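Pasting a structure here, questions to come.
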Amino acid sequence: MTGKKLQIGIIGAGRIGKVHAETLAFRLPEAEPVAIADVNRDAAKEVAKRNGIARVAADSADICSDASIDAVLICSPTDTHAELVMQAARAGKHIFCEKPIDHSLGKIDRALQEVKKAGVKFQVGFNRRFDVNFARVRAAVIQGEIGIPQLMHIVSRDPAPPPISYIKISGGIFLDMTIHDFDMARFLIGDEVESIYAAGGVRVDPEIGKAGDLDTALVVLQFKNGVIATIDNSRKAVYGYDQRVEILGSKGAIATENCYPNQAIVSTATNIQRDLPLNFFVDRYTNSFISELRAFVDAVTHDRPVAVGGIDGRIAVVMGLAARKSFEERRPVLLQEVAQSAPQLA
Amino acid sequence: MTGKKLQIGIIGAGRIGKVHAETLAFRLPEAEPVAIADVNRDAAKEVAKRNGIARVAADSADICSDASIDAVLICSPTDTHAELVMQAARAGKHIFCEKPIDHSLGKIDRALQEVKKAGVKFQVGFNRRFDVNFARVRAAVIQGEIGIPQLMHIVSRDPAPPPISYIKISGGIFLDMTIHDFDMARFLIGDEVESIYAAGGVRVDPEIGKAGDLDTALVVLQFKNGVIATIDNSRKAVYGYDQRVEILGSKGAIATENCYPNQAIVSTATNIQRDLPLNFFVDRYTNSFISELRAFVDAVTHDRPVAVGGIDGRIAVVMGLAARKSFEERRPVLLQEVAQSAPQLA
Amino acid sequence: MTGKKLQIGIIGAGRIGKVHAETLAFRLPEAEPVAIADVNRDAAKEVAKRNGIARVAADSADICSDASIDAVLICSPTDTHAELVMQAARAGKHIFCEKPIDHSLGKIDRALQEVKKAGVKFQVGFNRRFDVNFARVRAAVIQGEIGIPQLMHIVSRDPAPPPISYIKISGGIFLDMTIHDFDMARFLIGDEVESIYAAGGVRVDPEIGKAGDLDTALVVLQFKNGVIATIDNSRKAVYGYDQRVEILGSKGAIATENCYPNQAIVSTATNIQRDLPLNFFVDRYTNSFISELRAFVDAVTHDRPVAVGGIDGRIAVVMGLAARKSFEERRPVLLQEVAQSAPQLA
Amino acid sequence: MTGKKLQIGIIGAGRIGKVHAETLAFRLPEAEPVAIADVNRDAAKEVAKRNGIARVAADSADICSDASIDAVLICSPTDTHAELVMQAARAGKHIFCEKPIDHSLGKIDRALQEVKKAGVKFQVGFNRRFDVNFARVRAAVIQGEIGIPQLMHIVSRDPAPPPISYIKISGGIFLDMTIHDFDMARFLIGDEVESIYAAGGVRVDPEIGKAGDLDTALVVLQFKNGVIATIDNSRKAVYGYDQRVEILGSKGAIATENCYPNQAIVSTATNIQRDLPLNFFVDRYTNSFISELRAFVDAVTHDRPVAVGGIDGRIAVVMGLAARKSFEERRPVLLQEVAQSAPQLA
């Protein structure tokens, strides 16, 4: 494949599809977005135009049957992911799939088995692993800068809740929001979680409660290696997007601060202040979206293992299900209670 | 009592007794330490000499029977507290008692009933409430600066574990260390805890485990008003004494940083660095020890309610017992499971 | 010009030429780099290839005579700037010229008069004005956040000196390094400087002294509006690229911190540390290079005034000459002593 | 003198006299304030009462003739210092004298010669040398943490100007305010200044200008060892007392931040903020006032050299005079132009 740009088809022209299209068009010389499909054809057209994508495909089948396409990005709504993964895998396309793969472990497993059978690359869109801050924390753990990890605290708060319409189909806070933190926890510690205890409540908006979801949650993860981690989630931090992590180890600790639009400090007669942190996930994680696609393109182009595999996507969902069960039953839940049927995946 | 310094007897000339003796001698013009007793008479003599305390008493009875003494500070080992509280109360002395009052709720209740009967003032030594940082957080909550509290995270880590000999009699991490954080949690939120979930392990020193204790713990508090709080404890943070808190509320968040011996930042060819935080609790909490005694002296002198009462001392112990039970039974424990027999206290 | 991308020719394929070529190719949809020339033809070829530039031109004349080209970027060595500006102006091309325009006021004035005559746009490459931090400071001044400015302190230190060969032809620290800070000072305060006092020495490398230059300098600017500013320059700060500014005003102060590759803080048994700041000007000022070209393209496309004009380029050189004179004569020098012959420029 | 507390007489019961009286009474077990005098006898009485000082003396002569007194603190107005120093020296008392010794070099020299003749200890009240932050910077320089110093920047701004009545007799900004920074500069670098260039203006209050003084100043110090330092002074920083220093050296840099009443950070919907820094010099420098008296008491008690001698007091005044001359003549002034007659002092 050397010497030729990786030809990529994009399925889904929504918020994240746009981000990836722009990355492929302007930031990754090694890849080229060549087709895009969306049930909203106008949306696909607009993204195509903005990013010089040659073809607006009729649908995902149109993309999967295009022999010139090497790989597909699945950026459509969650409930279509598993089906599209299978369709793409059968067509022999390498796959980058947004998180979560699905809310049903059965559907995830069927999709991943199809991927395994096809022998294609499969990467899940846990972009935060590629953020420079979290990558720095992971490096500190690997290099032993802080010794053996003991306690971890992840803060992950959104500036504002999504629309209630989204909350109704999102699978709940643990599957649509905490899922990123579940993956982050495993990534940073480099080990598997044994049990989960989840507390939570509706503190931000009663409508979220009526929709059957929580908006405030605190999750405790017990890792097999003994690390105890907490995840602190809120759907609304008025000061903006709050994304931090802190690990205590036997030789020290590492903690990350939020990212800011500038480094200016203003001193007034009232207080010492700075501007609010970057508020939107696209701004906060700009470079991580580029890095994750670069990693995917590299894995495909040079036939290397992907950075975030199907099993990572599955485990994060298992954790989400365990957290929900823990919250409902008010007790710690072992992951194996939820995930007993995990299939053999490469 | 106006115009006359409050005459104070000190029982116990150990580490904390010394701190209080010096405070009374040099920092609180309104009070005067007039007698001190300790089973180690030489220790008492030395503290007396350093601080100009006129009399080294034979024992606590000697102090309690001294009609010139208005109030006593109980700074002896925990297992003597309850007995001494009763002795002092019967003698009509106002009482400042170090934490915890006792490990047994029965003994605590008997002591507090004696206090109630005697009508004397009784303050428990939760000095951290008087720390400027935590006081600032409490003020933010009270003044509504951050709106309605939703999530809280308390970090409380010691620079090094106490001797194993102490750990064997300390009552365990939840009663000797987390107890401060239990009180802090109630103080900052201004509400009562309903249930506790505790996870933990032995990660610092296996000897601590052999002594039947933990050295690393993560406690989740569910408040009646819906706040969810975590307490992150370690007996050993190599970088020093780590004492922080963070609260998310509906209108904002407040977080405190550690205290440092200086504000200097050194930039080298390797990194940007600063000196380690204040390492010893006496240095970190210097002013809080002064402020808590000032508050006690004020309460006695002007017949005002004490800032930290007997019930606060009792509840912190209930929380410690609930945390231990939760850890052992691997489930959240309601405080009422442990504290059902709580007596009526003023 | 609407609907068509601005067609740009690049003269110079060195360090800064590469930066601009990449910006035009991948970051600015409104512009297109269509030709590049360099005396080192291989360098030009490589930049052309990496950035999809269609044509490697023979020389600047080849570019200036290309009727399809709307604007040129002059990224060649300083001593060629003035000549190229005149060549491009005569050809009716809009011009973006790297700083400094020249070291000779006479040559600058002749070049700018040619620009004026041609009626083309002319922007000087003071990219730092477009940095988010300094832009935030400027906004604070304009919006009155800090009231009326009184004192300013600019820190501008390089991580390492340039090669001695460069220093010999650079025009000296005041013209090759401080020149950026001279422009920054004018930009932030929004007023003109009346006099300059410069102190300095050779503290980093005696070879720099032998080459007739300084490596450490402290410059005091007296503005007409009364602001007093200092510029603190060093050719070598071992901890990296140090670029900060601080302004005190009647209602407050604003200060910017450096930019870091990540927001992680590591606590060890030795100290609390973070990684070094971004070390290379291309990393530190990445976005400012994009923004300045966007501003240039906008100015040309929509026929608006440029953000940094020829007069700004001239004044910065006047200030550099005044600083050198001050250093040599050990006295404050009025700008009019140096710049008396300033021509009328639009 | 071992075993006996150093007996101290205080001359002056104003603002700084009160601070020292309290320090001697409550913070320094090795010393005892035994007498105090002030032209305002009621002020002296009150300070005596608050601090348990046995005797209110009639005047300075009364104190100097008291054979039981070992040392005197001169805390009266500046114009009385020199006379009182001579009186105390002749009486054989060790002397701690507030800054400045006098505004006249002639009077300073006569006073210091009397001190020399008497062979008594003489310490000048440059308390900031004892501040933990500046002491940390000095330690970094001495220990070579930052290599050889090259550039220094001192920020020293008051929260509000003193009364105009004080400004009229203060000797001007360079002698009443910058004088602290002149001493700080010499202390931190550990070398002498060769020349001074001072710029400044009236930016805060025109009344200050009418009184013949400046309220905003920028001073450049050229040290003999090549270090170039700037001092940035304002009589009014609305955000509070701003006291910082930053040194660049060949191996790194060190910078100090201001001191704050607490370490709390509040995040709101508007910004991220913290409370203003400590606003009052007594709060900011509390510990330095204790440390400087401890150092004085130690020097006297153990017959060691004082930390800040008469020559330090003299040089700071020379620098103040040179700064004024530089400002008036708009040129750098060599210290020897002003200080040529410096006498031989131990």
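Every chain is named by a letter (A, B, C and D) in the order it is written, and numbering of its residues begins at 1.
Here is the rule we go by: a contact is a pair of C-beta atoms (placed from the backbone, for glycine too) under 8 Å apart; a residue touches a chain by one contact, two chains touch by 3 or more.
A quick note: this is a predicted structure, and the numbers were derived from the prediction, not measured.
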item	value
Chain separated most widely from chain B, comparing mean CA positions	C
Size of the rotation, in steps of 5 degrees, that lays the CA trace of chain A over chain D	180
Contact-richer chain pair [B-C vs B-D]	B-D
Between chain B and chain C, centroid-to-centroid distance (C-alpha), Å	59
Between chain A and chain B, centroid-to-centroid distance (C-alpha), Å	43
Length of the line joining the C-alpha centres of chain B and chain D, rounded to whole Å	40
Multi-partner residues of chain B (each touching 2 or more other chains)	237-239, 251-253, 267-269, 275
In the complex, chain D residues that touch chain B	26-27, 29, 50, 132-133, 135-137, 140, 145-146, 251-259, 261-269, 275
Residue ranges of chain C touching chain D (in the complex, touch as defined)	147-148, 150-151, 153, 155, 157, 197, 199-201, 203-204, 216, 218, 220, 222, 226, 228, 230, 232, 234, 236-239, 242, 248, 250-253, 330-332
Chain A residues touching chain D - in the complex, by the definition given at the top	237-239, 267-277
